[in-house]
Structures are given as C-alpha cells and as structure tokens.
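Look at the two complexes coming up: chain A is in both, with chain B in one and chain C in the other.
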Partner chain A sequence: MSKRRILVLHLAFLVFTAIPPVVYADMCFECHSGWEDESGSPSASYESDVHFRAGLGCADCHGGNPELDDMDDVRRGRGYKGIPRPREIPGFCATCHNDPGYMIKHNPALPTDQLDKYKTSVHGKRLLEEGDEKAANCVSCHSVHNIERPQIPASTVYPLNLPEVCAGCHSDPEYMAGYGIPASQFDDYAESVHGHALLVEKDLGAPACNDCHGNHGATPPGVTSISAVCGLCHALISDEFAVSPHKAAFDEMGYPECEGCHSNHLVLEPELYWIGTSDSSLCVDCHSADDGTEGLAKAEKIHEIVLKLKKSYETAEAKVDESELKGMMVTDERFILKEITQAMIRTRTVIHSLDFEKVSEAAGEGLEKADQAYRAATTKVEEYYFRRKGLGIATLIITILVIALYLRIRSIDKSHPLR
Partner chain B sequence: MSRKRTEENSIWGRTYGWIDRRLKIETMVGYMSHKVVPWHGQSIWYFFGGMTLFFFLVQVITGILLLLYYRPGAESAYESVRFIVSEVSFGWLIRSMHSWSANLMILFAFIHMFSVYFTHAYRRPRELTWISGIALLALAMAFGFSGYLLPWNELSFFATRVGTGMAGSIPVVGDFLLKLMRGGENVTGATIGRFFGMHVAVLPGIFTVFLALHLLFIQRQGMSEPPEWETGPGTVRRYMPFFPNFLLRELLVWLIMLNILAVLAVFFPDGIGPVHWPLGQKADPFAPPPLAIRPEWYFMFAFQTLKFLPAHVLFIEGELFGIAVLSLGGLVWLFIPFWLSRRPHSKIKGPAKILGWIVLAFVVSMTVLGYILE
Partner chain C sequence: MSWLLRAGATGLLGSILYPVYKFVIPPLTGEANLSQLKLPFKSSELREDKASSRIFKFGRELGIIVITPQNEVKAFSALCTHLDCTVQYRKDLETIWCACHNGQYDLEGRNISGPPPRPLEQYDVHISAETDEIFVSKKT
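After this line comes the complex of A and B, so read on.
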C-alpha cells in the first residue's frame, strides 16, 4: 500500500470517528414539525421516543423516501406504508421486533416473540382473528410516538403506570360493553393488598396487571391455573394448599383455588374471622356441621389457636410499648416481636394445609416468643419502678445529708465567723 | 486544733499522728486552716469552679466503670454499649451519668469562665490561672468530641465525619490532620481506636496536668478579690475561713449537684431536647446520613457561624475563613488578661464588660439559632 493511500485511509478514519452520532433530521420530520400543532405533531413527541434515540426515523417504520419534500413523491417512494390500521399495527411493529437479527443490534436483551405471544392473547385473537379493532394493540399500551423502555418511570408500561393504562379500557363500562366482563377490575385492584402495595407504597415488587395476566400474551387465568399464577409469588402457600384436603375437593368440584376465598382483583388482607364457624367465616360458605367432614371442627380449632397467638402478640406488644414509653431500651424485645410476626406469617401459611398439627406447631413457636417478650418487657417495667424508688431513696438520703450539713454550717459560722 | 488532734489518744488521733510523723501533713492542714475566701456579693461565682471539678470527678469514676465493659472497634463498640445499657446492672445509670455529667461539666466550665471574666478575676497576677482554665475548657470539649464517636452509632458516625472533615479543610496541614484523626481517609474502626486512646489516655493525662496547675495556681494565689477592694478606700473586707466554712458549703453544693445529676440520669437516661444521646442504630458507612447532623451543643455556635458564611469570603473559602476567624478570636480570648491588665482597672472596666457581653451574646445567639434554623 502506498504512503498516499495509507494517509487517505488515516484521514478517512479520523473524519468518520469525529462525526457525532446522527440526530435524525429528515424531511418527514421537518415538515411534520412545521405544519402540525405541537400537541398533534407526531414529530414533537417522537423526540423523546426510544426509537428516535436509537437513530430510527419516520421512514424506518412508515416507509417512503425521507429525502423528498413533496408528500406525493414521498408516498410513491421506497415502500411507503403510511398510517397503519389497528389490525396492521402488530405486524407493523413486528417488522423489527420479530427479527432477532435486527433487534440484537439495538437491544439484545429484548425478546422477539411479542407478536407470537400477542396472537395467543385475548386481545390478539379479537383483533387479528375477529377483526375487533377495539381490542388492544401495541400502541394501546405502549403509546405511539413517545415510547419508552418499560424500566423507565415515564414509560406507560412502567409497573406504577400500567394498571392505569389497562384501566383506560377495562374500567370504561361503555367501551367494555359487550365483552361480558365487569369494568371494576381497577377499582378492586386499587383496594386490594397488591394495589395498595404498588400504587400507594410504590413497592415495585408488588404485582401489576401483567404479573398475573401476562403482557403480550395477556389472558385471564383459568380455574386450573389460578393457583399456579398466585404460586409464582406465594410459593409456600401454594405448596401447603397442594397437600391439603381442599386441593382434591376443589379440583373435583371445579372451584377456583385461591380465588375461592381470596377473590381475584379484590385480594384483601386476610382477617381472622375468615376461618372458623361464625356466620361471617368463609368456611361456612361450603361447610356445615353435618356435611360429613371434620371441616368446621378443624376450622374452629385453627381459629382458636390463631386467635390466641394474635392476642398474645398484642399483649406482648402493649407491654413492650409501655416499657419503651417509660424510656427503657427495648431493642431486644422489639426483635422478639419481629420473630412473633414471622411465626404468625408461618402460621398463616400452614393454615392452607388444613393440618392442625402443623398450625399448632407454628403458632406454638409464636406463643413461646410472645411469652418471652412479655416477660422481658415486664422486667423492664419493673426495672423502671425500681429506678424511681432508688432515686427516691437516694434523694431522701442526700436531702438529709444536705440538711445536716446546712445545720453544721450554721453552727460552724457561729464558731468560725467571717473575719 | 490540729496539734491537739495529733496528741489525742483516740484511734483517729493516733492514726493522724502516725501519718503526720511520716508525711508532715500538719503543715498542710495548718496552711488550709489559715486559708480564707473573700466573702462579698459576688462570692457565689466561686462555687462554679468547684462544681466543674465535681463533674470532672464524676466523669473519671463513671468513665472507669464504663471501661470495664466497653470494647473499642467497629464490630464491638456499639454492641458493648448496648450491652452496658441493657444487660449490665446499673450500666444504664453509669452511661447516663457519664453523658449528663460531661454536658454539665462543660456548661459549668463556660459559666465559670464568663463569671471569672465579668468579675475581672483574671487580672494580674492570675493570667496563668485564666490560661490554664481556658486550656481545661478546650480539653473538656476535646473529651466531648472524642467520646461522642465511641458508641459507634449512626449519629456519632456522621457527626464525626463532618467534624473531622472540617479539620481537613485547613490548608497545608488539613489533610495530615484529617488522616491523623481518622486513621485513614474515612471514619472507620481505626478512628474509634484513635478516639478511644485520646479519650481514655491522652486527654486525661494532659487534663490532669493542667488541672493540677490550675488548682496549684489558685492555692498559691488564693481566690481573687473584687477590684473595688483594691481601690475603694474604706471598703469593708470580709473573709470566710476556707476550712471548714467554705469547704462544707462546697460539699453541700456538690451534694445538691449529685442529686440533680441522679434525677436527670433517671428521668432522662438518653438526654432531652438538644442534649441527647440515644443509642439508636449502629453506624453504617453505606447508609444515607440522617437528616439533621449537628454537633454537640457546645460546638453549635462555631458550627452555625460556619453555616452562615458564604461559599467564598473575598478569595478565601468561606469555611476556611470562618475557622481562621474563630481560631483568631479564641487566641485573643486566651490572651486577653495580658492586654486588659496593662491598663488601670477603672479605665478598662467598661470596654472589657462590653466586649464580654458581645462574646457571650454571640455564643448564645449562634447556639440558639443553630437549633432554631436546623
């Protein structure tokens, strides 16, 4: 290679490496920025879109020649697609998102099976098979020209935003009319422990709609799959339920497992009265005293021992609070209270096995700890009164000494007066 | 009377005689019996030095008791303090008395200092007594600073990080000072080792020397008399025998202080308001700092002054400027007896009083603002 060629290659290398990343500016972008108002301009919102940042221009999705400034010429050039109809959108997006070879260049971590999953979803079937354009497509959830990665809080599908996005359609009775499903899911969810954790406490570990229903393959879990869906997070409870007499009975009668007692969207904090034989308990919904099972007898025993554990915890906690209010150090006692809470959670978990021995064992650990915490806190309260008494005695002794000293000083002042 | 004691045939008399024959303490007792204390309208201020000494003695006793269980180190300091306050019999009382006594010692040292200033007790020939007293106050504050970190809890950790960081901003020697205090770049277990060593060995040693000097000066020179006694013709001068009249009064005050200390320790074992030392959470260098990091109340005036300063004063960094001005102010305050003693008392009395009030108002207002504006 001649020296001149080497020099030219070097210069070319320097020039190319010195060019900053291309910020897309094509004629589509220029025109649509100019003759549409800000709110209606796709180009205005597109500047914050993840695709824009990846260097994709309008023509990369909509086709056409971006170098031309005449719309008629644009429409005639390079596979112009224009604005896709709703049923065309999944395929429109899948052009790239279903192509692993293309996606690996931009986001290798992103799966490329969204369209395949979408086709199996209720949304996908309605749109693609039945032609129902009211069914959700890609842009219904991800927005159109200001799409963000799901991990970014500004994204419409960020966990904290997703329930509202789903609610956009599913909470609209008019929109949902004819589909045979209620429009109360979001309200129920917002009231549930899951909704409270996610929407109020901003706990991203709490499930949003897609964690149970799937996202691209969104589908309502059937009777047989509910426990599998709940068991994804509540694994221990799921295991306990699987060995309980309820499992076979529910399967036989075709009852939904978890949902049977806990509901689906309106999953509330379990209350002690749910189990037992009172009229408000859930057990009496199915069981009766003469149903030939030991269901209610067992329910009553479990209710009693859990109630005992709950009361023991409250008594111990009150004593620890009293001790703390008196200024005593209760770090160790607070730790024991946490251990009781753990035992209560364990007890609540094994309740699903309906095995009284297991429940009794788990609750027994908690009762033992509650007794330990109560005794320790009681000692602290007694110590508090001991301190007060000790101070009183010390003050009395010092006061007597002070008076005696004062009298002595007066007497000495007389015998050793000021000079 | 003491001669009589040596001749007594009682156990006390024979014991006294036995000691006197060996140590000649009769001379010392004789000196004490002749020692007198000026008695006038301002004599109450004489007790504040003694009260400061009382709290120092409480510090020594409770400090030694705490030493029996305290274990320095990042993995043991917090745990051992928790053990002291929760498991050791009367451990809570010892720690509480140590903390209350530390604060009261510094409070009474401040009161003693200002009372000495306003009664002009620092004047010639007591300049060295004043200087040794200021040194004792500075050492007491160093005791407080070094002791604050020892429980190795969240608050002490971050406060020490801020405090040592300020020393690090001093030009030329700042970096050296910071590493010397911290035992490295950061506040770690090595810092506890150094602060512990300072708190229980280095500072007590130096403090004892200055305290001995301070007491020696007082014994040699006696209590300062009001300036009016020197100039006012026909002034009635009255003196109280130090032993036993004044000493018994001092003892009475100490007993009352002991009772107050016990009440505070029992009713407020973790302190109260701005003076508090709850053990709280163990120090975690990776945890975010608590919302309100503030120094002990006796450093608050300096801390608040530095906070008020802008980022830059002329071409000097604001914090550095503040440290320099406060240090210069401290030096002026230290050597003020030499300057004030050069002029006749009648001429310097007014300006000295105004200067004293300005200094007092500055310290008090900055301290109060520090708590109000936080």
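After this line comes the complex of A and C, so read on.
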C-alpha cells in the first residue's frame, strides 16, 4: 500500500470517528410535552422520573418507534404497546424488573422478584387471578411518570408518604365496599403509637404499612405469624411471650398473639389498667375467677407491683423536681431516674412472660432505685432549707451587731463630744 | 465621722445583700460538662468479664465499653439514638444491641439495623500501661 493511500485511510478514519453520532429527537417526548389534559403532561412529569434519569425514553416501556412524528405510523409500527390496562401493568413493568440480566446494568442492588411477590399478594391475586382492576397494581403505589426511589422523600413510597398512599384506597369506604374489610385502618394507624411516631415525630424507624404487611407481597400477617412480625422490632417481648403460658393457649384457641391485647392498627400506649382484675382490664376478657387457671391471681399481683413501681417513680421524680427548683444540683438524681425508667421498660417487657418472679425482680430494681433517688433528693431539699435558715440567722446577727455598733458609737460621741 | 459610718454601713449592707441576691438568682452558666473520666474498674477486670463489656456512668449519661473480638477496647455512649434506651453488647452477634426496638450498631458505633437514625457517639479510650486504669474521653 502506498504511503499516500495509507495517509488517506488515516484521514478518513479520523474524520469518521470525529463525527458525532446521529442524535434524533424523541418524538414521543416532543409531542406529548404539549399535552395539558386532566392528568397533566406525561412528558413534563417524566423529567423527574428515575427511569428518565437512567436514560429510558417513552418507547422503552410503551414500544413504538420514537423517531416517527405521526401517531398513526407509531401505532402501526412494530413493538408498539401503548397504554397498558391495569391487569397488564405488572407484566409491563416486569419486562425489565423481572430480568436480572437487564436490571444489573441499571441498579444491581435492586431485587428482581417484585412480580413473583406481587402474585402472592392479595392485590396480585385479585388483579391477576380474578381480574379485579380495582386492586392495586404497580402504578397505584409508585405513581406513573414521576416514579422515584423509595429512599427519596419525594417518592410516593417514601415511609412518611406511604400510609397516605395506601389510605388512598383503603380509607375510601365506597371504594373498599364489597371487600369485607373496614376502611378505618389509616385513622386507627394515625392514632396509634406507630402512626404518631412516623407521621408526627417523623421517626423513620417507626413502621409504615409495608413493614408489617410486606410491600409487593402485601397481605395480612397470619394469626401465628403476628408475633414474628411484631418481634422484628419488639424482639425481647416476642421472646418473653414465646415462653409464656399464653403462647400455647393462644395457638390452641387460634387467637391472634400480640393483636389479642394490643389491637392491630390502633396500637396504643399500654396502660396499667390493662392488666389486673378490674372490669376494664384485658385479662377479664378471657379469664374468670373460676376458670381453673391462676390467671387472675397472677394478673392482680403483677398489677400491684407495677403500680407500686409507677407511683414510686412519680414520687421520686417530684422530689427531684422540687430539689432542682430550689437551685440544688440534681445531676446524680436525674441519672438514677433514668435507671428507674430502664427498670420500668424491663418490667413491661417481662410482663409478657407472665412469670411473676421475673416481673418482681425487674420491678424490684426500679423500686430500689426510686427509693435511692427519693432519699437523695430529700437530703438536698433539707440542705436548701438549712442554708436558708443559716442565711437568715447570719443576717440577723450581723444586723444586730451593726445596730449595736452604731449605738455604741453614738453613746461614745455623746459622752465624749469632740471639741 | 458620720460619712465613714454611713459608707461602712452601706458596704456591710451590700455584703449581706449580694450573697442573698446570688443565692436567689440561679447561675447563668450550666453545670460543668464532664469530658474525661477514669473508669471505676481496671482493664484486667474488663477482660475477665464474661460479657466482654461493661456499662459505666459518664456525667449524666451512660457509656458502654467493649472488648472486641479483635481484642480492641472501644467505648461508646450507651444511649440508643432512637429513643434513649440503654444498649448492650451482643457477643454472639458482635454488635451493640438495643433491646427496646431491636436496633443494632456495629463495633464502630454505626447504626446497621433497626430504627436507630444515627451512630452511637464513640469515645477515646486510653489504658495506662503502668496502672492498668482505663480513661475515657469525649472526642474533640
């Protein structure tokens, strides 16, 4: 090959590689940007969608040739899917999300079993098996063209937003009519300790709907799995319940475990009157004095010792507050109060074992600390009054001395007037 | 003479009233913040501990000191960053664990599981080679 030909080939190669690739406009995006119907412009909202940022265009999901600017040509083109019906949506999304080979290129950490789980959910069964198009599909929770990762606050499935999304259907009595479940779950949840922690305190560690029901495989926990679900966070309580006489009895009766006393969505701060033998106690719902168990006797004993611990704490705290208001340093006493709080938490935990010895031991630690805090705070209050009396007496003495000195000087002046 | 007596009386009055005033009005500055502490047990005692950890009082808070599987001594605030429960060392899991809501931290204090929103505050640990005493201080 001559040098001239080699030079020409080199130049041709350089020119060819320097030409930028042909960039065609995404005609779907261009045309649909002009829409301003009730649902807004799909293109406008899609610009904030996680898929848009990953480089996916409209045609990657809806099919069709994005280079064509005539809708009829697009519809007639190969691979055009258009707008899927609700029952088609799970399969539509799963085209990519159920394909590990494809997903690993975009988000290797994202699971690819969403469709399999969805098929096991109440929503999935209703939609895919019974054809009920009112049942939730992917877009019911994730939105349509502004989908965001769940960790992002703008996402519809961000923990703080999720309960409202579920409530969109589940709190609508008209929509939920015919399904045989109440529409009060969100209101109950919002009033519960969990709802308060998440929605008011913004505690992202508090459970949203999906933490108990699952997300793609959403279904009510079974009777025997409730304690396992609650035990994800309340691990020690779950362990104590598992060794209690209630565990076997509840299983035998088919009685829901934690839910039996604490309810499901309306989980409230436990009250002392729940345990005991009064008419408002939960124990009397199942137990009676002649039921052949020692249930009520034990409940009464537990009630008494926990009540004693509560009152002791309140008394000690009041004395520490009094001492602090009088200007005394109460760092140590506040520390002891924290130790009592820990003992109260331990006591509340072991109550679930129904073992009075365990309850008594945990409460005993708290009672001992409460006594210690009360005595220390009382000493400080007495010290305050001692200082106050001392100051008064000292002031009186000094005042008398001053007056005496003044009178003495005056008498000296009178008896020996200066001339 | 009378002005001297009046000045003296005023001074005396002031010296009486000033402490009264200071006693009634609380100090503007808070309590001294404890930043360093000698623990009430020695390193050898900690190493003999079956739990490989101990809880200690650090000012008005609690701390936890741990012997890691790598034989390092590490100390952290023992207050769970979720709801202030006292954490404990789980030797079997090699984690610091909060029993209240199953929160877990690794042995760097990082929140790795459960509801805790933040890591535990880690303290500096110094062990005297001569006396075997343990000194814990807040990181600056």
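Keep in mind that, in the parts below, the second predicted complex is superposed on the first by the 362 of 419 C-alpha atoms of A that agree within 3 Å, B and C clash if a C-alpha of one lies under 4 Å from a C-alpha of the other, contacts with A are read in each partner's own complex, and residues count from 1 in each chain.
Just so we're on the same page, a contact is a pair of C-beta atoms (placed from the backbone, for glycine too) under 8 Å apart; a residue touches a chain by one contact, two chains touch by 3 or more.
This one's a predicted model, so the numbers in the text were calculated from it and none came from an experiment.
Undergrad: Please work out whether A:345 is in contact with chain B alone, chain C alone, both, or neither, and reply first, second, both or neither.
TA: A:345: touches chain C, not chain B.
Undergrad: Quick one: classify A:175 as touching chain B (first), chain C (second), both or neither.
TA: A:175 contacts neither chain B nor chain C.
Undergrad: Identify the partner contact of A:327: answer first if only chain B is touched, second if only chain C is, both if each is, neither if none is.
TA: Touch status of A:327: both partners.
Undergrad: Once the structures are superposed on A, label A:385 by its partner contacts, choosing first (chain B), second (chain C), both or neither.
TA: neither
Undergrad: What is the contact status of A:102 with respect to chain B (first) and chain C (second): first, second, both, or neither?
TA: In the superposition, A:102 contacts neither chain B nor chain C.
Undergrad: Based on the superposed arrangement, let me know which partner A:412 touches: chain B (first), chain C (second), both, or neither?
TA: After superposition on chain A, A:412 lies in contact with chain B alone.
Undergrad: Taking the superposition as given, does A:233 touch the first partner, chain B, the second, chain C, both, or neither?
TA: second
Undergrad: Figure out whether A:335 sits in contact with chain B (first) or chain C (second), or with both, or with neither.
TA: second
Undergrad: Would you please give the residues of chain A that touch chain B in one complex and also touch chain C in the other complex?
TA: Looking at chain A, the two contact sets intersect at 327, 329, 331, 387, 391, 395, 398-399, 402, 406, 409, 413.
Undergrad: Going by the contact rule at the top, pick out the chain A residues touching chain C in the complex.
TA: 203-206, 231-236, 327, 329, 331, 334-335, 338, 342, 345, 349, 387, 391, 395, 398-399, 402, 406, 409, 413
Undergrad: Which of the residues in chain C come into contact with chain A in the complex?
TA: So the residues of chain C in touch with chain A come to 1, 5, 9, 12, 16, 19-20, 23, 26, 31, 57, 59-60, 62, 82, 85-86, 99-103, 114-117.
Undergrad: Looking at the complex, which residues from chain A come into contact with chain B?
TA: 327, 329, 331-332, 387-388, 390-391, 394-395, 398-399, 401-402, 405-406, 408-409, 412-413, 416, 418-419
Undergrad: Considering only the defined contacts, which chain B positions touch chain A in the complex?
TA: 36, 39, 82, 85-86, 92-93, 238-241, 244-245, 248-249, 251-252, 255-256, 258-259, 262-263, 266-270, 279
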